[in-house]
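Note that chain A is present in both complexes that follow, paired respectively with chain B and with chain C.
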Partner chain A sequence: MEELRKLAKELLENKTVAAVLGYVEIEPKRTKPIVITNPEDAEKLVFNEYCLNNLAVYLTKARIKNLAKQNGSVLKLGIVAKPCDIHAIIALIQESQLKREDVYIIGMNCGGVAKDFGLEYGADTLASKCVPCETHKPLYSDTTLGAEKETPKVSDEVLDKIRALEKMTYVERFAYFKKEFDKCIKCYACRAACPLCYCQRCITDKTIPRWIESSPHSRGNFSWNVVRAFHLSGRCIGCGECERACPMDIPLSLLNRRMTETAKEAFAYVSGRSLETPTLVGSFDVKDSDELFM
Partner chain B sequence: MKIGVFICHCGENIGRTVDCPRVAKACEWLPGVEVSLDYKYMCSDPGQNMIKDEIKKKKLDAIVVGSCSPHMHEKTFRKAAVDAGINPFLVEIANLREHCSWVHDDIDSATDKAIDLVRMAIEKVKRNQPLTTIEVPVTKRTLVIGGGIAGIQAALDVANAGYEVVLVEKEPSIGGHMSQLSETFPTLDCSQCILTPRMVEVYQHPRIKLMTYSEVEKVEGFIGNFNVTIRKKARHIDEDKCTGCGLCITKCPTKKKAFNSFEENLAYRPAVYVPFPQAVPNIPVIDETVCMYYKNGKCGMCVKVCGREAINFDQKDTLVTEEIGAIIVATGYKLYKIDKKPDDSPIKGYGEYGYGKYKDVVDGLQFERIASASGPTSGEFKRPSDGKEPKKVVFIQCVGSRDESKGFSYCSKICCMYTAKHAMLYKHKVHDGEAYVFYMDIRSGGKMYDEFVRRAIEEDGVKYIRGRVSKISEKDGKYIVKGEDTIAGMPVEIDADMVVLATAMIAQQDASELAQTIGIPYDKYGFYNEAHPKLRPIESTTGGVFLAGACQSPKDIPESVAMASAAAAKALVLFGSDKLEREPVVAYVNESLCAGCFYCKKVCPYGAVEVKELKDRNGVVYKEVAYVNTGLCQGCGTCTATCPSKSVELAGFNNEEIFAQIAAL
Partner chain C sequence: MEEKIISKQNLVKLCADIIGGGHILIAPGKTEYVVTQDASQIVLDTQSKPTKASYKTFVFPKAEPVLYYKRGKNDVQILDAGPEQKKTVIIGAKPCDTNSFNILSKVFNWDYKDDFYNYRVKNFIVIGMMCEFSDRYCFCTSVGSSPVSEKGSDIFLIPLDADNFAVRIVTDKGKEFIDAYSKYLTDGNPSKSKEVSEKVKHPEVAFDSKQVHDWLAKNFEHPKWDGVGDMCLSCAQCAFVCPVCHCFDIVDEDYSYTEGRRMKNWDGCQFGHFTLHASGHNPRDIQGKRYRQRVNHKFKYYVDKFGEILCTGCGRCSRGCAVSIDIKEIVANCKD
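And then the complex of A and B:
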């Protein structure tokens, strides 16, 4: 924790970065994002199992981007990032939303985070995205901090719950999601929390023509959630922020994870893992499997 | 907005199944429709005049024509609209023929559907924007792929008209299959004698750039503006230094290492070779797979004897790019081969004929080489197994063709003629020999063709037996051909010395790969598809790509040459103007909504999407967005489908227009 504060202070003082995006503790077992521009405030920074937010989502926001512009020159933005958050940063770089030199990544070694604030962190309260996680060390960073950690072993019961969807037939799955999507109130919190939902105007906000019924009606709910899943297929990095943001507890990451698995099985591709691998959408190889379409 | 609706009966084509007056009547009262009429032939002069008159009389802003496919008459109706003062892109076609009358029987429901189709078109045309055509420059150079007789003819015609040609041939020499033939039907003139002057003409032509032993690797761009990458395979011989003296060939110690494919594997060739003595260019090639140098780094005999220091073992393949305006594909055919190991062959069947097993069962091209004065037997009829003169030869037609169960269902077209020729050539040289032909029908349509076959039968005494052969077996150096004479209704058995199979002409092995490289469609056999079977037999459906010769379907020499000249004429039509008018159906970007993810740039097959910097009033870049180069965009719509925020749309087919069309249903 001390080294994080020291580094942030240094970076701000020597003008390497214009701001540091990080976490601040507001009560035990609960943190919130903070944007620090004053070196004095670096003292507030924390990093623990309750740093749930994926801060990469802020990197594409105009207000944050503008912080970097100071007196005609453009400084970097510092970001405290878990390895999975870094996947989002990689994806953003690959999708031209960010340049590598625009960010200073303070990569944190990570052993997983809690499912929600206020819960006692442990194997049973581990966030579902952390269960299959393979990257406990940042793949890309400017500085890596913290001790290397292992994720607690999860009981079979929890695993079964996560994999329940895979055992369903597609008719059951369809019915399951139809029921889940019926709960949607179209608050678009999923979109707001998603680091890869950076479109200037989302397709659901378009009125000429109106692609997606905007009222919280089952028909529009279904199109919205399925369109969003399609727009994320092969792109979703699996941070699970959409699901965490959802006030109606729709298990959105189940859908996204399934799409990610499909992309992995068919094309051996997982989004946000390498700056060198071309993005799945937009790259074509004659050797690509066409089983998905036939 | 005032819209005119015009419903065409297309004679009986639409009128038979669609109640056209009812369609016109139903559309009369739709919002925006000022006038709705039907007529027997809307594409006729009176029909077009009716459209023009109504546009002027009723001051129409847009028209909808319910007729045949826009492929057929969109141009016609657009022209009529332009004549009457309407932008051509305010014309919509509702396809009432291909999409409705031709595919339905029930008049009532077909008419209902026709009304729906017209209503959809009305809703679209209401939202259509007037567009202006785009002009693009034309590169007046032609690429001819394939140096057989079709490619040679096409190249010469284009070059003689004053335009540059790049002729690419994958073999070391041009000439193609025609150079392998002994004599040609129906005049029996020597194939080489009429072909080689053309080959030399190509070689010496100042406007033809000949690239042999080369293959087309990549084709980018579009009509008038192709960018073609050609792989020049390493010959291992410096083309500029080699004089074609042939010393390396005579001194090469690997005399019998490889089958001579020009001689249809009836002879051998050394590692360094020219396919045949009259090869153009007369520059040998070193075959890496058999050359001793590449095996163990030794030998180098050719280097020692070459006085010009032309041998270069380290030569590598080179890639050459050419700017091209028109492409003529003349890649020809290959012969249906029954592989020696039928298990490995993609083509199954005819194991009972023993091809590959019995040395004296040969195919048509092998027989050409045996009959040819320049062939392995110097033109004397000797059978491959023991070199004896065959006294009884059986010819079997339709091997692999017209036979769906074992080969292909199409007719290979030239086999009736060349079998008659083969039998005739044999009888001319072996006077006491007997020639039998097993046939299904004799298809000898063509100038002097049937006379030729009659001559074989009547003057040269070739015995024609109508029927199929069931089996060929070997017995005491003879081949027992068992078949049936279906006219006499009797089984036939002939103890032949040699059997010739008239195997089918099939598409080149890599035909589909090349088609994908160029971007042209092909049929289930691998033959390239013409744009229209009757009216556009030379054009492929891809603009600026034309077809010549047997790559399109089985063809004989005169047909291939005629098609080649026609393809050349098509290329010259393209070069007739400096600018090419293109439809303005291109993508455009909504810059204020574009998030700049550039997935459109990644997926664009034409490289038409670029990065554009948006600057504020102080000249500071505040955003990067996608920008479509309309000169390169082909309007395929891949970007519009990819864009997650629908910030890129296709002019003439934008989301609003298509949505309105769907909503009208």
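And then the complex of A and C:
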């Protein structure tokens, strides 16, 4: 923690970064995002198993980006990032939303985070995104901090649920998702919390013509949730923020993980892992197998 | 008003009778208020955490048709979409939820009387229950309510011991309703229930709503709004789980070239496009202005217009916020 605070303070003081996106503790086992521009505030920063947010979502926000512009020059934005958050940063760079040199990544070694604030961190309360995680050390960073850690070994409930869904008939699976999507209230917290839902104007907000019904009824909810899953296939880095943000507990990871598994099986591609690799859609080749398409 | 006692076994029977009588019965489920078919499954726990969303959807649905239309060759036929809802009973509602209809009724009966809302509220019985839950986000006591407030309840339950509830009959509507089930009730002992309710721990008062109102009147352009806005992600979780947020959007949905319906759907002031004009101009173009609107509407504009705070202090907006924005903390800091 001390090294994090020291580094953040130095980066702000020597004008390497204009701001640091990080976490502040609001009570034991509960943190919230903070953006720091004053070096004195660096002492507020923390990093622990309750740093649930993926702060990469802020990197594409206009007012946060504007912080980098100071007196005619453009500084970097510093960000405290878990290895999975860094996958999102890489994906944003892959998709030309961000330049590598515009961001200073303070990578944190990570042994997983808790499912929710206030829970005692352990195998039983490990966030589902951390179960299949293979990157406990940052793949890219400007500085890596913290001791290397392992994630407690627990069974992959999400994958088990995906497998169970696959055993269902098409009709049963449809009924399952209808029941789940019927809960949707279209608050779009999933979209807001997603680092890769950065569109200035989302397709659901387009009204001339209206592509996706805005009503939160079965049909409108299917349109929204399925379109979002499509738009994230081969792009989702699996940070699970959509599911965590959902006030109605819709298991969005079932859709997103399935899409990720599909991309992995068919194209040996996982989003946000390499700066040298083009995006999956960006690397389309006419010789690609079309088995995945109808 | 009157007070009765009901045993837990009889309460289950009463609930079974409500369901058996063809009414809709809503009770707190694991994370949401749910329509229940099995009275024995109802758990009434004063220490339970508030559900993630309020029960406003049962009187102000997240999506409802307000009319149907058919296009003919030379005319358009409009068909009514009257609200259809059987008598609905909610049991075990928290005091921070029960007051919501009193607050919502003001706006839904202001210049236009909303038949859909009024019809549902008229057919709604609220059985509230004392609350012993409190976390960092609760602030009912700061907005004129309390964990034992009967405001908005037709009937109010107080657990006397492991097996019995005191049944306080608060309104005439409640009396008329409960009289049909009088066989399950025995005479009450108000001094006992008073003793129980007086022992309930109240969340600390976090702010003086009058002072907040006056501060807001003078600080529309305060720089703090930008700071709050920068962390907010602009979703409508806070508005949609709120018991009293009531903005809606009207959209027409065509089934075909000739038929369709007009829908009334929840909308939220934190969405960037909420105030986007057709010209492209947006008076609330940054999130700070939108959050300022949220706080002002709740603690100033609604108070000025209707004499009520547009907030019940349930803390749901903060508890569910993906980036842990705490409205209590923000409002408590609305001072010089």
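Keep in mind that, in the parts below, the second predicted complex is superposed on the first by the 274 of 294 C-alpha atoms of A that agree within 3 Å, B and C clash if a C-alpha of one lies under 4 Å from a C-alpha of the other, contacts with A are read in each partner's own complex, and residues count from 1 in each chain.
What we mean here is this: a residue touches a chain if its C-beta (ideal position, glycine included) is under 8 Å from a C-beta of that chain, and two chains touch if they have at least 3 such contacts.
Everything numeric here is computed off the predicted structure, so don't read it as measured data.
Student: Looking at the superposed three-chain arrangement on chain A, would you call chain B and chain C a clash or a fit?
Tutor: fit
Student: According to the stated criteria, A:N256 is in contact with first (chain B), second (chain C), both, or neither; which is it?
Tutor: So A:N256 meets neither chain B nor chain C here.
Student: Applying the document's definition of touch, where does A:N225 land relative to chain B and chain C: first, second, both, or neither?
Tutor: It touches nothing on chain B or chain C.
Student: So after the superposition, what angle do chain B and chain C open up at chain A's Cα centre, nearest 10 degrees?
Tutor: 120
Student: Give the label of whichever partner, chain B or chain C, reaches more residues of chain A.
Tutor: Looking at chain A, the partner in contact with more of its residues is C.
Student: Enter the shortest inter-chain Cα distance between chain B and chain C once the structures share a common frame, rounded to whole Å.
Tutor: 5
Student: Across the two complexes, what residues of chain A are contacted by chain B and by chain C?
Tutor: none
Student: Spell out the residues on chain C that touch chain A in their complex, using ranges where they run on.
Tutor: 31-32, 52-53, 57, 62-63, 136, 226, 229-231, 233-237, 239-241, 249, 251, 253, 263, 265-266, 268, 271, 273, 286-287, 320, 322-326
Student: Touching chain A in the complex: which residues of chain B?
Tutor: Chain B residues touching chain A: 592-599, 601-603, 624, 642, 644-647, 655-656, 659-660.
Student: Using the touch definition up top, name the residues of chain A that touch chain C in the complex.
Tutor: 26-27, 30-35, 53, 57, 61, 63-64, 117, 185-189, 191-193, 205, 210, 213-217, 220, 241, 244-245, 247-249
Student: Under the stated contact criterion, what part of chain A meets chain B in this complex?
Tutor: 95-97, 198-203, 206, 208-209, 211, 231, 278-279, 281-284
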